[in-house]
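What follows is chain A paired twice: with chain B in the first complex and chain C in the second.
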Partner chain A sequence: MRKFALTLLLVGLAFGIAALGTPKVTVTFWHAMTKAHKDALTYLASKFMETHPDIQIKLVYQGHYGDLSQKLLAAVLAGKPPVMAQMYEDWTVKFLDAGALLPLEPYIPEDVLSDIPQSLITSNTFVVNEEKTLVTLPFNKSAMVLFYNTDLIDKPPTTWDELLEMAKALTVDKDGDGKIDQYGFGIRPYPELFIEFFHQAGGVIFNEDMTKCLINSEAGITAMNFLLQLKKYSLYQSGYLSGPFGSGRVAMYVGSSAGIPFVASASAGHHGWNTAALPVGPANGESMIQGTNIGVFTLGTTEEQQEAAVEFAKYLISPEATRYWAIKTGYLPVRISVLSSPEWEEYIAQHPERKAPTEMLLKGFVYPHHANMYNIRQVIGTAFEEVMLGKKTPQQALDDAAKIIETKYLKAQG
Partner chain B sequence: MKKEGKVYILQRRAYLLGIYVLLILGTIVMIFPFFWMISTAFKPANEIQLMPPKWLPSRFYWQNFADAWNAAPFGRYFFNSFFVATVTTIGEVFFTILAAYAFAKMDFLGKNVLFIAFLGTMMIPGEMLLVPNYLTIARTLHWLDTYYALIVPWLVSVFGIFLLRQFFLTIPDELWDAARIDGCGRFRYLWTVMVPLSRPGIATVALFKFIGSWNAFLWVLIMTNSDRMRTVPVGLAIFRAEAGTEYGPLMAASTMAMLPILLLFFFTQKQFIQGITRSGLKS
Partner chain C sequence: MEPRGWRVSFRERLNLSWQERYGRGRFWRETLYAYIYLLPALVILGTFTFYPFFKAFWISAHRYYPDLLHPSYVGWDNYLTVFKDELFWRSLWHTVAYVLGSVIPQLTLGLFIALLLNSRIRAKSFFRTAYFLPYVTPSIAASMVFLWLYDRDYGLLNYILNKLFHVNFIDWLNNPSFALPAVIILGIWKYTGFNVVIYLAGLQGIDRTYYEAAEVDGANAWARFRYITLPLLSPTTFFLFIISIIGAFKVFNEIYVLWPGATGGPLNAAMTIMIYFYHKAFGEYHLGEGAAVANILFVIIFVITLIQMRLSRRWVFYQ
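Right, the complex of A and B next:
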């Protein structure tokens, strides 16, 4: 009896010591991913924890990006942010100003850095202590592409002129009742759509030191005028275009590749569809790359937690993880080596709609970094809407927008 | 004379017909969003946004409900919503009655200043208070991710106090004099005379609170971190994604989320009518 008790005690002690010996580091990760995206992230976290038994990744869904941003800002003010989180570039600027973030460049090997597409390096590089350094790592990335109805279009347009011509040809009143039943193109007046055409016309939003807004330049006028031309053959609505595209009311539209699953389910049983590289504009055919990055907080976290978070962030951009992530979610792989791997090519062969977004990633551009970018893009969006609704001429609207941006958001920044 | 009677009846009928037509039109306008929600809840994704619209699904697509239910731990969310809404409603009704009585029927130093200060807080938009409130909850009280954070700050509402105070003011002071002669104290008078007479007002306060609490989104999202503590509206948000909205499952989940409110409304509607008839008989 005594022997049994002793054994029990020893076993208990052994377990106790073992438990004490490997104290787990808990890393909370705030994100905005839902459903299939959340499942993929959960899977990757559990995979990571298998190989890192001393790390516990705690994923916390914090609502949409808007909610997540509000919550992160409040948490940073309270000195209690999570260890890591998804973040857009303008939030990153704010968190850097608060001295709350850990720049990740020193932790990333040279060969990994050179394997990340240039546009993504640009979007994750910030000025810290007057030096440019990689602060965050790319996470859920999507590119602007052209969605088109394959029942109506054999060869998608490759230039702006072809796009306009095709949009015109595909705008028809089928039953002759004087109302258009099928539009060649679709326009949802959100700022990024205008910025896309603006960039392809050769525009840049700010001057070098971000003291002037150049949205009312020649490129701005060119882009607005072209969009006005397109609007004649477009369904213009503020809702997402995947619905009308799926039902066949809209033959083409330019949108984020994140919309692929919505287009797929809305088009099912109605018509075939595919994505294509964006029609090339007067200056270039580059595509806007959107989506968040991952940052690690130093504020209110321990060094062990930061190190563990860095490990997980590095794992998420590893070739295996980013390929899995891309296949499961529809976002883009963030490694050049994955894009050119045979596995990816095989996947593309089965999923042709994923080809164009991947190509666009290598020809991508991103928003400039400014803490007020969220408000600035809204001003641009308003100008875009005013022109589309005929309330202002392109010159008027863009002059007004540039003035508001300069006086309200650029000067105030200091 | 007889002819006049006939004309009167005809006029009366035309009048009633007009009233009914108006009411029916109003009903259609009110019911339509509900109809559309339920119809969409049963449609597969490729039937939702058609032009011309499809009024009814081609077949009942129950999968939306299964998808919606499985998309988040809705069982827990429903429990939390119920619990939080019930406790805050009971709490608010209790505190509101006390405060409203004090403001309506008692005299004390600085009463008007205090009341105006109370009303002043209604002018501050809630969004502006979110960050300071977060700091209080997170740093001072350490209540993040607890029921305290979801319940305690919502136990008192100035709007409720204001509404009920106005209601209490309409009750004649003679009742209080009579009660006092019979040896009744303020507390007993409040609960046995004022409260029963103010049922419609109290029901309104309770209904507003319950609906408000049931629908609360931002506060719950900001103050909680785990599925354990979240409520139904946070669950509904997951169907809206970066590049589109899954209307089918969203409408299915909304239908499920709306049922308790609808039941509550049917229930309190009876209370409303009772309360109104009661006060109507009095005057």
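Right, the complex of A and C next:
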């Protein structure tokens, strides 16, 4: 017994000394990355810790984005969030309103800020004390691109008209049984797809001071009518389109570049594929940029932890790290200097499917921020579905949506 | 000799004086032991059942926006907000439709299959296992399989319907009229097996002599079923009815998988109370309204169960 106690004491002392030897700041980082994405993140964390021996980065996988959102919400309510986490803009607004986040702008040098694509700056900028400030840093970013089957299409469409024509030509009933075997296009009715076409038709969701919803403008009607036209030649389904695209049922679809690995594995052994810049609409050919950012919590964390977290966040957007991250995961590099570097061009030459997303990043647009964005997004999604299913005309659906958004979500404080 | 059951000892105890009842060390020791034995269960129940139960009421009386960390007291406002939301009423209606649409077929089908299995057939235990398998299959996995079965162009379900009945291909998952039926079919498939097994146990508990007596009196098969089997199975039916209804009200996983992202199906046609709750609490971060929805669901299930208990006195017979 005495021997046991002695051993315990010695072991305890040894650990104590070891801990004293390197006083480390532990930074927990909650994320939603799996497989190759997780490995890349782990690698970057270990690389960072090599050069920062006083910082310990603890990566914690918290499930998919939905899980991460719930866990962050619960942790913030309990006053014990992680030091840093991946977060979407609508969560960021909530955490920011609760005073739980550290705005990162003061920590980022001017030359770094000017090296980040404008769309990403916009999506990470929030209103703090009535002033626009960069709060989070862009992390895993993707852009809307056109996926197309290279066995069927030599030259991808470059305009809406070409897209419609090609979709029509590629919609065929191969065995003549009255059932379409191959669709020219694929439509999954999620709000971002409509917003993409809406934006390209020249639409903006809100007026300047966010008191009016402009979704029922001319651009909204144009976008809806065009999507209705496309639907005639589309596989319309609520599931992801990488599967039907891979099996050859769908020849083209517009989707996030985050789907590249899924398209690659679904198409392997079936047909060739590539991505292309989005066909240009009446107003522009810009692409919606999506994905999460990194935020640092002040709530329940020490100043040392916050500083260490800021260091790590800055490292993640450094040219080396963001290049590595982009190559390993398929997300986009968040630095203009990386996008235009010879190494990246060389990489693109070997991986043609990465060319279009990179191009789209520089002419990207993002959702505006609003505390009720979650609901607003849902209302827009419902209007999109109503039109696609023929329940309402574009004008009716968009008028109704705009009215709901204005009365329920813009007037009321969220 | 007088039987010494608990009634007797209880009566004896009532006759004891206060002094005799509480003055003995043994009484306090026994009480203490009883509480010590109860403690682990109480701690677990208290932490994971009772505390959240009361906390949910507290949360539902507070507003969590704009500042999550400093919720403000709003009384019944959250309940009013929910009651004023058209989508809440639609979700409630969808939930009721799901409960009725899935529980009644589950019970009738369950009883029918149990009766077949209770007769003298070959490979009885094989069928029993086969029918029970869906119930033990995780609902996420089962729903993933149904995702394929329901595919419009290549789904097995449409193929069979088309080949056998020449039904036009149904877009189960993207047509609002078929979204809820799709969930109901999945529910029936998944939970009927449970009813089969419980009914089978109930059937085997019925004394054969009743049937023999009935046969002597010249009762035919239908009369035997109607006047012996059905009444004697009533406690089983009652149990299954309550369990199934409570379970059906809480349907979530299946819908969450069939329509990724908890969208509630095409045009919210499969939006049930639980999905609606999920949106309120974890999508919008409006925890107060979410808790209000959860409490409303609690009250609904509670009242329905109370009514069932009351009605059960008329039709449930214990042997």
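As a convention for this text, the second predicted complex is superposed on the first by the 392 of 414 C-alpha atoms of A that agree within 3 Å, B and C clash if a C-alpha of one lies under 4 Å from a C-alpha of the other, contacts with A are read in each partner's own complex, and residues count from 1 in each chain.
The rule we apply is simple: contacts are C-beta pairs under 8 Å (C-beta built on N, C-alpha and C of every residue); 3 or more make two chains touch, one makes a residue touch a chain.
Predicted model, so just to flag it, every value in this text is computed and none were measured.
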Partner chain(s) touched by A:Gly246 [first = chain B, second = chain C, both, neither]: first
Partner chain(s) touched by A:Gly63 [first = chain B, second = chain C, both, neither]: first
Contacts of A:Gly259 with chain B and chain C, given as first, second, both or neither: first
Chain B versus chain C as contact partner of A:Ala169, first or second or both or neither: neither
Touched partner set for A:Ala349, first chain B, second chain C, both or neither: neither
Chain B versus chain C as contact partner of A:Leu113, first or second or both or neither: neither
Touched partner set for A:Val76, first chain B, second chain C, both or neither: second
Which of chain B and chain C A:Ser142 touches, first, second, both or neither: first
Contacts of A:Val127 with chain B and chain C, given as first, second, both or neither: neither
Chain A positions touched by chain B in one structure and by chain C in the second: 70, 73, 77, 79, 240, 249
Chain A contact footprint on chain C (complex, rising order): 65-70, 147, 152-153, 169, 173-176, 259-263, 265-268, 279, 282-285, 287
Touching residues (chain side chain B, partner chain A) in the complex: 44-46, 48-51, 71, 130-131, 134-135, 138-139, 144, 218, 221-222, 225-226, 234, 237-246
List of chain A residues in touch with chain B within their complex: 28, 34-35, 37, 60-65, 67, 70-71, 73-75, 77-80, 142, 240, 242-244, 246-247, 249, 255-256, 258-259, 261-262, 265-270
Residue numbers on chain A that touch chain C, as the complex places them: 66, 69-70, 73, 76-77, 79, 91, 94-95, 97-100, 179, 189-190, 236-240, 249, 299, 371-372, 374-375, 378, 381-382, 385-386, 389, 391, 413-414
